[in-house]
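Once you scroll down, you'll see the structures, which are given as structure tokens.
The two complexes that follow have subunit A in common; it is paired with subunit B in the first and with subunit C in the second.
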Partner chain A sequence: MDLVPQLLLEALLLGGFYAFMAIGFSLVWGVLGILNLAYGSFLIVGAYIAYILYNRAGVDPLLSLPFVFAVGFTVGFLLQKFLLGKLSEREPFMILIMTFGIDMFLSHLVNLIFGADIRSIDVPYAEGSFILGNLIISKVKLITFIISLFLTFALFIFLKVSWTGRAIRAVALDIEGAKLVGINPLMIFSITMGIGTGVAMAAGNLFGVLQGFNPFEGGPITVRAFLISIIGGLGRIESALVGGLFLGVLEVFISFNLGESWKMFASLFLMVVILILKPRGLFGGKYYG
Partner chain B sequence: MDKFEKSALFFLLIIALLPVLLISADSSAYWIRVLSSTLMLSALVLAQNILLGYTGYPAFGAVAFFGIGGYTTAVMMSKLQLPFWFSFITSGLVATFCALIIAVPLMRLKSHYFAITTLALQLALMELVSNLELTGGSYGINLPIYRGFLESYLFFYLFWSLVFFSYLLNLYIDKSVLGYAFKAIREDEEAAASLGVNTLLFKSLSFAVMALITGSAGSIYAYWITYIDPPSMFDPLLSVKIFVALLIGGIGTTSGPLLGAFFLEIFSELLWSEFPRFHGVLLGILVVITVFLLPRGVLGFISKSPSP
Partner chain C sequence: MKIVISLLLIVLTAVANEVIKFGAAVSFSGKYAKEGELLKKGYDLWKETVNKQGGIKIGSKRYKVEIVYYDDQSDPKTTAKLVEKLITEDGIKFILGPYGSAQVFAAAGIVEKYKALMVQGGGASSRIYKQGYKHIFGVFNTAKDYGKNLIEFASLLKPKPQTVAILYEKDIFSEEAAQGAKEQAKKRGMKVVLFEGYPRGTQDLSSLMLKIRIKKPDIVIGAGHYRDSLLVIKQLKQFRINPHFLGLTVGPPLPDFVKALGEDAEHVFGVVQWSPALRYKDPLFGNTAGYVRAFKEKYGEIPEYHSAGGTAAALVFQLALERAGDTDIEKVRKELLKMKVETFYGIISFDETGKVTTKPMAVIQIQKGKPVTVYPVREAKPVYPKPQWK
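This part shows the complex of A and B:
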């Protein structure tokens, strides 16, 4: 039996989720110039919040999405305003190390509270799968794929149409010019970090539905978000889709052909190669213009 | 030499005598172990100081070379049955050689791009050795256990010698023409190039020296703990500790790295025994506080020198 169509379908469904997952990382990178190594841990924190809400309060993980996003937004906003924003005069690598410190803090804190066991959010309606000709479509993957695409599109509209979204793009393009037309860049930085962290946590909520997670899953996720951002380039939301699909295809086919354990090596190796050859990304420009 | 440098040298000599003084104490084995790991961190921090402190390139993933050194030693000793001394020297050279090869493409990147690329390289190597049969996969490698002359002190003195060598190298770089070339690259690479400094040569040299010390430390470490696996040799926590120690001590100062490494290692040893469960959380907070409050380190703070 020919497995390629099935693998391509898996890659597509995974890639759609990856695209949404990485937008927060690439937005913060593109607008603030911060490589947020704590990104994956924020995502995992989002997964645990959704897990508690579902298991303790019975809140459906799809209904908890707005709440988890709001928590993430608040945390990111405050983080930028009171901590990272104060370091803007420093060398960028200092901020990189600080985000790594935040990553350690978050992952170990989650480990302290929940232990290292693998948890998962099992919703009854997302179990099972459809069969379409030769293809098997898992329900949970399809649901997260559709929600991811919807949220990605919503962010796209937000950045294109709303005043705040346009201000974010203006600051990314030309900070002096943005100041001249009355935009407060520090405020925009905090809002962007808020959106970035909110997206991370909301993606974590979906991630929890999609698969099992443990406190130390954050690192590999940050690597993926990084890779998606740099493959697509930091140009625009559309490029996250390109990057997400690319990584989806890469992971699915490497796992199938070489084995699951080579997946991470391939991602990291690709990351090094792209950084060395084209540090501004494979496609597209540098800014969210 | 200023007063800090004289006291640091004196301090190192005292440390060398400690095993003799501790020989009758009950917990001497414990303290020798703590001091050995402190000295190992000191060597790693001194190595990073040559690259980041003087040349301005933050190799966040320097532990990649630590792993290369450790795995070279482990493979040579347990698979090829070669003696330690030969493996040790080869490991340092292999790490240096790897550094020289990748320096040319890698060192076109700066600041956080350079940092994250080296980190990705470290993690990629970790994944690679967990998948290769030669390196024992994710199971790791057992090394022979050392028996013989100075049995419980050998590793202490090996680390000590590495620290002593690295410290003298830091002193030399701080004061020599070679150091001027490094510092010129750190301050303004283009200006340095326009004044006739061969920037590629000097920054590659700085990178290679860092890799030599780091790889040698990895080699000693592998033989010391006798069992290595990918997470222990390519540990991202170690990368963070190097940077935190360097930040605490003071980037680009000669004695700061020693101060930072001793402070951090003894501090986390005390924390570790008191609250083992909170170790990661506390270390994370320490990273955030250090970056936030001590951008120039304790020595930079005391001597109020202009920031590097």
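This part shows the complex of A and C:
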């Protein structure tokens, strides 16, 4: 039995989710120039919100997506407007430290409330799998993949067509020019941070359905988001797709051929190599233009 | 006469007000929260039973038992810190062990450093006993026996399974358990077609599952802890892998295992340090059945081996203290080394490293939602080969 098609399928399903997961990170990085180290922890917070909604109120985790996104948007928006934005006026480097602090704050807050137990959102319809010839497709992976692709596409359209989306791209390209045509960059910054955090939390919602999580899972996720942004470059949404798929393929094949333990090592090694050889990313330029 | 008795009673109650403190850092949150809670139940039942009988009799005095607990959050570093706090800040010399090999290992180093004394029923790694420590005693069979017993039992089934896949979490307990399974499989003439570990905390085993899927082994052994066992079963089912024999080191005997998995838990084999089906005499509870009764009365459920290990460790501590007639660490330690005693838990004696040497293990299978002992005592006929996932 040839396993390569099966592995490619796994990589595709994983990569699709990774792409969506990383968009918030790369958008904020590209537009605001902020490396949001708290990104993974925001994602985990999203997972816990979906977890409570499902276990306490019986809200289906797929229905809670818009709500979790809205919460993330509000948090991100306020965070940028009242904290990070104020900081950037004085010392931009402090923002990096601040996001690191937020990361620690969030993960420990979640630990305080929920304890360090591994939780999972187990929806009955996501269990099991389909068989397609020689291929076996896990339902839960397929569901998260399709939703991820849909949301990625929705973001793409938003950035391309809507006034706000175009304003975001304008600010990323040329902040002075954007001001000249009447765009308020501070407002755009807040909105972008809102979208970034919203995407993080919504991705967390999906992540919780996909696999188990605990309060301290955020670190490795931030690293993955960083990696995807580096590989794909900060250019466009398409770049995140490329980066996500690339990382998906890498993780699946490494873990199959060398063992699960090599996954993180290989990813980080690749990141170092790319940073040395092509610091602007393998594919794509620097901005959301 | 009456006066004498009442005087005696007064003296007795006055004396019984003296307190002996034990300390334990156990996981109440985190990965091992389930097992930690069970361990605490075992300790608490012992405490209550002893106190009901007037306390521990050391020399001429009777001491009420108190246990100081801290939550180590399933993190060995925290265990070490908390055990140090118990010994140095709370002034407690008698430590009841934490749950988990890594946690016990961390605690052992601290206990040895301060020359306190620990009896533990929560860590099964043989590494604990290879450090030359003199103040650590354990009532668990070591990790290798987990894998060994599962395979040994499987090899007696008809038709005899031929191929084995072993996957394990990379921590000291699970690696050894997997090693034990591998050695036993080779000894029994079976072929090990897969032997692979994954890092702690991994929540997706897809690539491992794909490998198992092409190898189609008769036996799958999963060496890990409770969470790993849930994950292994979920993903085996997801990838439609149907081994004839599915054995897991930790999980199947826990009540929550069946609660969490429902139908899917059915016919999974597990291995236990102890089973309520065993028949032994006991100095505190009368016999194994007496222990089970006392446990059921207090908690409304049948005890399983994590709780029993806790009770056994504490009980052994008590017996050594009583025999020493003194709370001096060195004297109690000597009694532990000399000890050979029958308890509800099995016959307990230790070798010079502090490891229990005279206690057997048992294999269980989930049948109709309940763990039943199938080896070496046979409560029910084992179901084999395991039916396919529904």
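Here is the rule we use: the second predicted complex is superposed on the first by the 284 of 289 C-alpha atoms of A that agree within 3 Å, B and C clash if a C-alpha of one lies under 4 Å from a C-alpha of the other, contacts with A are read in each partner's own complex, and residues count from 1 in each chain.
To be clear about the criterion, contacts are C-beta pairs under 8 Å (C-beta built on N, C-alpha and C of every residue); 3 or more make two chains touch, one makes a residue touch a chain.
Not measured: the values here are computed from a predicted model.
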Put subunit B and subunit C onto subunit A via the superposition and say whether they clash or fit. fit
Look at A:Gly212 in the shared chain and tell me whether it touches subunit B only, subunit C only, both, or neither; answer first, second, both or neither. second
After lining up the shared chain so the two structures overlap, which partner does A:Ser261 touch, if you call subunit B first and subunit C second: first, second, both or neither? both
Touch test for A:Ile146: subunit B only (first), subunit C only (second), both, or neither? neither
Quick check on the superposed pair: does A:Leu3 touch subunit B, subunit C, both, or neither? Answer first, second, both or neither. second
Under the stated touch criterion, which partner chain does A:Met271 make contact with: subunit B (first), subunit C (second), both, or neither? first
When the two structures are overlaid on chain A, which partner does A:His108 contact: first (subunit B), second (subunit C), both, or neither? first
Subunit A contact check, subunit B vs subunit C, more residues touched by chain B
Between subunit B and subunit C, as viewed from the CA centre of subunit A after superposition, lies an angle in degrees, nearest 10, of 70
Quote the smallest CA-to-CA distance from subunit B to subunit C in the superposed model, rounded to whole Å. 7
Using the superposition on chain A as set up above, list the residues of subunit A that contact both subunit B and subunit C. 261, 264
In their shared complex, at which residues does subunit C touch subunit A? 28-31, 33, 73-75, 170, 196-199, 201-208, 210-211, 213-214, 227, 231, 234, 237-240
Applying the document's contact rule, which stretches of subunit A touch subunit C when the two form their complex? 1, 3, 6-7, 10, 115-118, 120, 127-129, 131, 136, 138, 140, 210-214, 252, 255-256, 259-261, 264
Touching residues (chain side subunit B, partner subunit A) in the complex: 58, 60, 105-106, 108-109, 111-117, 120-121, 123-124, 127-128, 130-131, 138, 236-237, 240, 243-244, 247, 277-281, 283-288, 290-292, 295
Within their complex, state which residues of subunit A touch subunit B. 35, 37, 83, 86-87, 90-98, 100-109, 111-112, 219, 223, 226, 261-262, 264-265, 268-269, 271-272, 275-277, 279
